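For clarity, chains are labelled A, B, C and D in written order, and residue numbers in each chain start from 1.
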Amino acid sequence: MPLKALALNSTLKSSASSEASSTGKLLQLIATEFKKQGVETEIIRLADHDIKPGVTSDEGEGDAWPDIRKKVLAADIVLIGTPIWLGQPSSICKRALERMDAFLEETDDQGRMVSYGKVAALAVVGNEDGAHHVSAEVYQALNDVGFTIPANAVAYWVGEAMGSTNYVDLPETPEVVQTMVEMLARNTAHLAGLLKSAQYPAEEQ
Amino acid sequence: MPLKALALNSTLKSSASSEASSTGKLLQLIATEFKKQGVETEIIRLADHDIKPGVTSDEGEGDAWPDIRKKVLAADIVLIGTPIWLGQPSSICKRALERMDAFLEETDDQGRMVSYGKVAALAVVGNEDGAHHVSAEVYQALNDVGFTIPANAVAYWVGEAMGSTNYVDLPETPEVVQTMVEMLARNTAHLAGLLKSAQYPAEEQ
Amino acid sequence: MPLKALALNSTLKSSASSEASSTGKLLQLIATEFKKQGVETEIIRLADHDIKPGVTSDEGEGDAWPDIRKKVLAADIVLIGTPIWLGQPSSICKRALERMDAFLEETDDQGRMVSYGKVAALAVVGNEDGAHHVSAEVYQALNDVGFTIPANAVAYWVGEAMGSTNYVDLPETPEVVQTMVEMLARNTAHLAGLLKSAQYPAEEQ
Amino acid sequence: MPLKALALNSTLKSSASSEASSTGKLLQLIATEFKKQGVETEIIRLADHDIKPGVTSDEGEGDAWPDIRKKVLAADIVLIGTPIWLGQPSSICKRALERMDAFLEETDDQGRMVSYGKVAALAVVGNEDGAHHVSAEVYQALNDVGFTIPANAVAYWVGEAMGSTNYVDLPETPEVVQTMVEMLARNTAHLAGLLKSAQYPAEEQ
């Protein structure tokens, strides 16, 4: 059975926008490499969905999170894609992470969070500066709620200080980005495979 | 003329919620101290308003930000109030900061951002852990978009590791919190007064 | 063959100090749980060693890092222990992380960093506030240099806001800390075992 | 009386190193602009001094901090210069910040920290990525210990993602860096002047 990845594109722009998403472009590149590793990827553009603020798994009428959450739980790999604004993850990325706070209370019959055994990876783009910090924020949040982080779990691109070029407008994929993406796909798929066949042990009774 | 403070309560809960806001309670305490310093405070609960994602000052139909932005620009002091989730500022706090990214391009006729001369302070509450980091994130974002940060600009409360008590449920205000709040109000009002009477110089022509 | 863990105690106090190390106490607790999981732990108190500033693996005469580095490379698990100062990891913790920056250039004959397959975990203590952020900083730094992070990889204790109690002076281990430590030990040992028997794949040639 | 700035160069390399310091070059550029604003700057290269680990103002025999601390207290402006390693401030920068933790307990006869009224600014350089986060860490640490942060308090340069160019090797100062440096110097000098003539008020007795 192939591994399944769910990619959450946290760009601030909805699909209705006329602007192409740099984050979406990097996620596509990763999805292509995942495919070579036997991983099927579904990409969700979060700005197209009305994810309510809150820290429960269902914030009531009109909340788009419960459906997205089902896909998170069905995936072996969760790939967060986010642009950098003010050197930090987007508010839409933060919204999705907040909703996963609920996993802290959602455990299986042996006391493990519903996210246990799932592997997380990250795609980050910005005009300039911020990728390392964005990965720090997202690693910590996802690790707190039960995800495992493979070696070199982030692929990113940013321009020179105060640059204004968008990743989506680069004439071609920089070689260093291609190398990172391949490494991310290899490592993530490998670790997700290991954990799928050998879940974390439960608390001894 | 008295100084004006605008407080942005970034709790995830709207006023329609039956739960009291811990962030709101701490903001009220600061507003009381501000009053003693001659500062009038207006508190806006951001979750009651539909602030669209984006990094411009007007994201079109239905966007609540333009009205809030006007109040930001009319204030001498901007007080950010945020709960801690996963050790980080709330997604609603991040949303407001992102919208101020637009200030980077909005300068007066002498090249200064529209936020120049305004002073920022911070109120942070959580069940446990995260206030220092939340202040780091907010200081950096607000400083990037032109705000000035007075000495000891944050008042906070968090419980012991893995605690679950809400600030709003404490039987009384801890003395250390009261002391911090008074210090914050004194320092913020003092610096806002200085800058109001002596704005940052423009670039020499 | 049992798994080996190397714990790096990053307290600012050397063993010559008369004060007990809170970080050391938490590391001991983890070492005890590791033993139950079949993991042997060696604890090094970094403040007892003269680790020179730099980002190479050997900074010359008198540098204590080369010997510590050998132990890092011989371990299956690296456990970072750090106190919180100003809401952040200690300068001694930062020094050790900086020295591991050299791993970025130190790869095996198949292009994998020397740290690949090793699992990292974390122990954090402070009088108050900062554990989540410390874990964010350390996760990101260690992940960048090739380590893998198991689910719930941090055990921590901090007091209430502006508290002054040291972890080492608590009358007994809080139950929440004991639970976290057991979870950390289980998860870390499990993942280290998996990766020891199935290293990340090399780049396809 | 002219304002005095103390710049703390937190490069990992001592003056004995044959390599030029990128951090030092950016600090020099700021010192030149400070001079135009009537500010005299002294630059200390911290790696040349044996600053002991700890959180008191004097860590005993051989500790270089007490002399540096005197200069901090005699300055109106403290300018932190740091390289970026692993997306974070250097361990030498962290060491200096930790030593200022002592200010929390060192207050004048009216209860104000010895650092009150002093203004802090920041110079950050790296091959790539990390300046915003470094400023977040340093702003928060310095603000906690009593410093005031002027608008746009950081000047930085970083290269494109995974770049390897050093700032010191750029053929000329990028125009965006020159503009930032002038802005930093203007704002910092202005605010330091205001606070020098109108210190924060003491707690009402």
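Rule of thumb we're sticking to: contacts are C-beta pairs under 8 Å (C-beta built on N, C-alpha and C of every residue); 3 or more make two chains touch, one makes a residue touch a chain.
Just so it is clear, the model here is predicted, and its values are computed rather than measured.
Relative to chain C, the chain whose mean Cα position lies farthest away is B. In terms of C-beta pairs in contact, A-C outnumbers the other of C-D and A-C. The distance from the centre of chain C to the centre of chain D, with each centre set as the mean of the Cα atoms, comes to 29 Å. Centre-to-centre, using mean CA coordinates, chain A is 25 Å away from chain C.
Multi-chain contact residues of chain B, defined as those touching 2 or more other chains: 86-88, 132-133, 136-137, 140, 144.
Those residues of chain C whose C-beta lies close enough to touch chain D in the complex are 12-13, 47, 53-55, 85-92, 94-95, 97-98, 101, 137, 140-141, 144-145.
Those residues of chain D whose C-beta lies close enough to touch chain B in the complex are 113, 115-117, 132-133, 135-137, 139-140, 143-144, 146-154, 182-183, 186-187, 190-191, 194-195, 198, 200-201, 203.
Here chain A touches chain D in the complex through residues 86-88, 128-133, 136, 156-163, 174, 176-177, 180, going by the rule given at the top.
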